[in-house]
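In what follows, chain A forms one complex with chain B and a second complex with chain C.
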Partner chain A sequence: MSETLKPQTRRWLGNAHLQYLLFGAVLCLLPLLSSSGVLKASTLSTLAFVLIYAIAAMGLNLLLGYSGLISLGTAGFMGLGAYLAAYVQDDLGLGFWVALLAALVVPTFIGILVGVVSLRVRSIYLAIATLCISEILLKTFEQAEWFTRGTAGKQSSYPVIFGVHTDRQAMFVVIVIALIAVMMLTHNVVHGQLGRALHAMRSSEVAAQAMGVNILKYKLFAFALATLYAGLAGALYLFFLKSSYPSTWNLFLSLNVIAMVVVGGLRSIFGTVAGAFVIIAVPELVLKELPVIGDIPGLPYIFSGVLIVLVIMFFPQGLQGLWQLVRDAISSRRHPSGPGTPRATAEVEPPLGTEAVTR
Partner chain B sequence: MEILQPLLRSMETGSVYALAALGIIIVWRTSLVMHFAQGAMGMFSGTAVAFVLNRTGAPLWVAVLAGAVVAILLGFAVDFAVIRQLKRATAVGKEIVTLGLIMVFMGLAPIVFGTDPMLLPKAIPTGEVEVAGANISYNAILNITVGIAIAAGLFVVLQKTKLGLAIRATASNEQTARLMGIPTKTVTLVAWAVAGVLGMLAAVMIAPTTTVTPTFMNTVQVSALFACVLGGFQTFYGPVIGAYLIAVASNFLKLYGSSVWGDQILYLLILVFLLVRPNGLVGKTYLQKV
Partner chain C sequence: MTAALRVEGLSISFGGLKALDDLSFTVNEREVFGLIGPNGAGKTTVFNCVTQFYRPDAGAVFFRVDPQRLAKNATKADTEDGELNLVGRPVHSIIRQGLVRTFQNVEVIPELSLIDNVLIGGHVDFTASMFSQMFRLPRARKEERAYRDKAMAALRFLKIDHLANSLTGGQPYGVRKKLEMARTLMAEPTLIILDEPAAGLNDAETEDLAGIISQIRDDYQCAVLLVEHDMGLVMNVCDRICAISFGKFLALGTPAEIQQDAAVHEAYLGERDDD
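Presenting the complex of A and B:
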């Protein structure tokens, strides 16, 4: 931040919620850029998907970052949210809000059931159990034609919200609002009483348990929130694209969401959005345009996979850590013996890196 | 109600699942990594087998040998270049890395071997025998024999040889094993290579029932993981039992339950089973040390 800013202005800018709102306001300008022709329509779509997947990734970041659990069911829960939204809005004709509610409640309920079953054993069982559920859901999407129209694909329409008929650009704004709400909610969860329990759990599950933190309850909560976000992301996906095909909701999507979290940096809210941008937008907007290698069919997969491996191997803090380094470098150049440096050593700890392996 | 025919068929798919599950469990025991990429790596070397077969016209056994070389090299490469460098990472970090490897191998396969789906013929193309009213092809007999022989052979190696002792020691406590002079790094290297070859064999055995595409091992991977859950992660033989049970249950559910939803019902049953016996059929109670 610039030296010329008044302390008060600086405090305002340091307020997390205000940062989210500012971020949202900037994002809301994108549809205007698109309608004035500066931004290609396809680019706007890509950015919308970045934001949608960032919502799903935010839940997984909470889950992975604080409880060290992996969910391989993100795609399944997102798909369920999407199909429910379409079914309730278009087939039952109950409107946007009921559709949204269904897309939030049902996946969360299933998520809680899965969590109760699998979280009692060891943490890796959640990954396997969610893989299980994801396979079941994918099969359901293919077979339950009355609900999903099978492989032909479910078609939907733009929702009517508060009497306003939305279009693509309005839906983009709706997505931005949802993302900002999710960012704020996540921020509050992390910084509230729940967050303290989650933090305690992260440093030592056994110690936290001894202090009276009910591990199972908080793990379940983190997972339930992850499925809630996935359901929301699924519903937004459907309302933006107006169609859904079973093949979208495969394991690769779940893996991609994990990649977003890893690349963005664990327990970082802005990092998650940045991670989603790298995983979704970079292959779409940059890699595709490259000569020769741009035509390789599996390139986005390799890109995500290699990034996951490299980030965990060499830079477990992800983009969040990179940002921290840049900021510290700038502030230490400004004040050679300034306050920037000790902070870095005290706070940055590699989340996927140097922790003792517990068997 | 037919029993013998589906049972024999289940033995064949069970062998495929058992081989893949053995690969997962041997990596789990030695490296403490949940090997989510077992199916993807098996797919890659299995596709290499189909590639060699289709391009050079070499006999199947030559192609399988070539596939084994690919599998061993891949196993070495992954352990040497990735997993070994992660000694300081958490278990979750390592698991996410194997998830990343899925994407890498599935992305690489069409680049290396082309995008056209390939076919892999059966080892014994024709012929079948009748056993008590049920028909079984020579190829199925071969697959069942190979599956059981390799599982049995692996147990003999684990129980009777020096290498097996080293693997078991590493599995029980890596640090102590190293202090006792066991080259644990070599042990994990061997474990990854063995897992690779087992995955390749599973791929070659399942490939004739489908076409060789990047996703053709997905069911095997999922079933193998469930076999480990069902059998428990504490023993080497538990997952093998789990694999055959899953194959039998899947076949009977598809035949007498629902041909469409058979596997899905099975998955739900496994989840319910987790509630009853969280540590698997032959698993001991899992204690976390602080």
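Presenting the complex of A and C:
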């Protein structure tokens, strides 16, 4: 595309924040397509879940991709966000904003505690520690009936935002806004001093400390931000679906979120969204429609499990790496004589701990 | 002459092994000081004790801190005559005092560009809050730009500025070594500790390195403490040399004096046979 555009336009399109905003604007058109009947209502719901999980995956990418920390606790924190949102909005009647705030603050606080744990244990042991926290939260969701109504499920309602009664399509737009905000925030974090400190910590804790990076501070920061995103995703899930059951927030969801990050490509913001799309939407929209294969129980899990193995073995850079290859191929076809852009390829190890987790 | 670093009575044991035994030496300001010894003499252990990766069992590490830096870091109370005892301080606070190190096995981040790697050396200088960075407020952006220029200058000093925006992962070993040195310059150090800078370099690159070390001392007005096995480089570049063996002090002097020292010969070559 680049040759046919003016340099000025090209620079505009190269601005990352503008790209996010354009992406958001395109997503906001989807509810219109749905109301005009082009897009099925169920398809719109599937896409909404793609975006919600992409928010949670963005947090895990900060941990797994940038900081080299693993977490199997995403589902627990999402669930906590969801139940808090429902409890504050419907049981306490404090409205959307207080509910959202609660769903952000409480998981973040617990995330910071997990960050303290992560100072002591690493890789597979950290995975187990976070899994334990998630399972404790899951048991709490089942037992604390005053808070969650247990296995009967918590029912909620569409929120009222700035005096406007929302519906499914309005909630979709709210989710898009939240996702774009998360993408922009993540971009700022990873492209500055904070991101460099996380990179340094992943690469070598010893060297990072010698460069003045306070490991305690940055581990807590990474976990706090990741659980903040998970809490946000949980609250949006609740407001969109208007119900929450404990069985949703199990280990399989956490593993699916890891699959999104790995398949999308570590350390890529758009890649994470693409990963969420592949893991959530492909089984739901494509595989289920197929004859015979579509009837296999637990198909989505088989799909994401196989995909993780394939990506780690054959294409460790994920969808983002695929996109780079396509771009390089196009540009080298355009300038066959020009010097090919030398790109450091594929020296990527499998992300910390994932090989153990997927085994 | 004032001392940049005074190591006094440093001792540390690992299990039954005494890695350092009552070791003392002084590095003066703006001098290149070599630390040599046979394999397992405890050279890297000295570095790790100075930079607080290890807590020594006994002894002190006094480091002269620039008065301006002292005012900024508010550690005045802990100093005596401008000297700070580093023992017991958090590892990540050491670079703040103007003491920065490289690693034997080049610790750079392959997934980042060269300039981003250099910027990590300036990590502690950033004053913009986390909040202002997360929302890219004008203050954070201005600071980022200023330090980016400074990092470019460090890359230019080592003549690798043409690679500033390339990924570090694909670069040859020599470039990554230089990158690690550029990163130390970001911290405006008064003492740079180089752990085997010539390891893995060919003869031409080693010669180049000797020039760089002298130039760093002259242009950046800082002392350099280096551990090195390449005796050619050590003799060529060092003002003074300290030899140690099995964690004990052996000899101290100019390169010429060390070359003549009988104890050093014995430690390296073993006792002379009487045949």
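Here, the second predicted complex is superposed on the first by the 332 of 359 C-alpha atoms of A that agree within 3 Å, B and C clash if a C-alpha of one lies under 4 Å from a C-alpha of the other, contacts with A are read in each partner's own complex, and residues count from 1 in each chain.
The rule we apply is simple: contacts are C-beta pairs under 8 Å (C-beta built on N, C-alpha and C of every residue); 3 or more make two chains touch, one makes a residue touch a chain.
Quantities reported herein were computed from a predicted structural model and do not represent experimental measurements.
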{"item": "Which partner, chain B or chain C, touches more chain A residues", "value": "B"}
{"item": "Which superposed partner A:Ala197 touches (first chain B, second chain C, both, neither)", "value": "second"}
{"item": "Chain B versus chain C as contact partner of A:Ile136, first or second or both or neither", "value": "first"}
{"item": "Touching partner for A:Val206 - first (chain B), second (chain C), both, neither", "value": "both"}
{"item": "First, second, both or neither for A:Val286, with chain B first and chain C second", "value": "neither"}
{"item": "Touching partner for A:Asn188 - first (chain B), second (chain C), both, neither", "value": "second"}
{"item": "Partner chain(s) touched by A:Ala329 [first = chain B, second = chain C, both, neither]", "value": "neither"}
{"item": "First (chain B), second (chain C), both or neither touched by A:Phe221", "value": "second"}
{"item": "Chain B and chain C contact sites that coincide on chain A, given as residue numbers", "value": "206"}
{"item": "Touching residues (chain side chain B, partner chain A) in the complex", "value": "32, 34, 36, 82, 85-86, 88-93, 95-97, 99-111, 115, 214, 218, 222, 225-226, 229, 260-261, 263-264, 267-268, 270-272, 274-275, 278-279, 286, 288-290"}
{"item": "Residue ranges of chain A touching chain C (in the complex, touch as defined)", "value": "185, 188-189, 192-194, 196-197, 199-200, 203-204, 206-215, 221, 267, 342-345, 347-348"}
{"item": "Sites on chain C touched by chain A in the complex", "value": "51, 53, 90-96, 100-101, 103, 107-112, 116, 119-121, 123-124, 126, 128, 130, 133-136, 140, 144, 166-170, 183, 187"}
{"item": "Contact footprint of chain B on chain A as seen in their complex", "value": "64, 68-70, 72, 114, 117-118, 120-125, 127-129, 131-133, 135-136, 139-140, 143, 206, 251-252, 255, 258-259, 262, 296-309, 312-313, 316, 352-355, 357-359"}
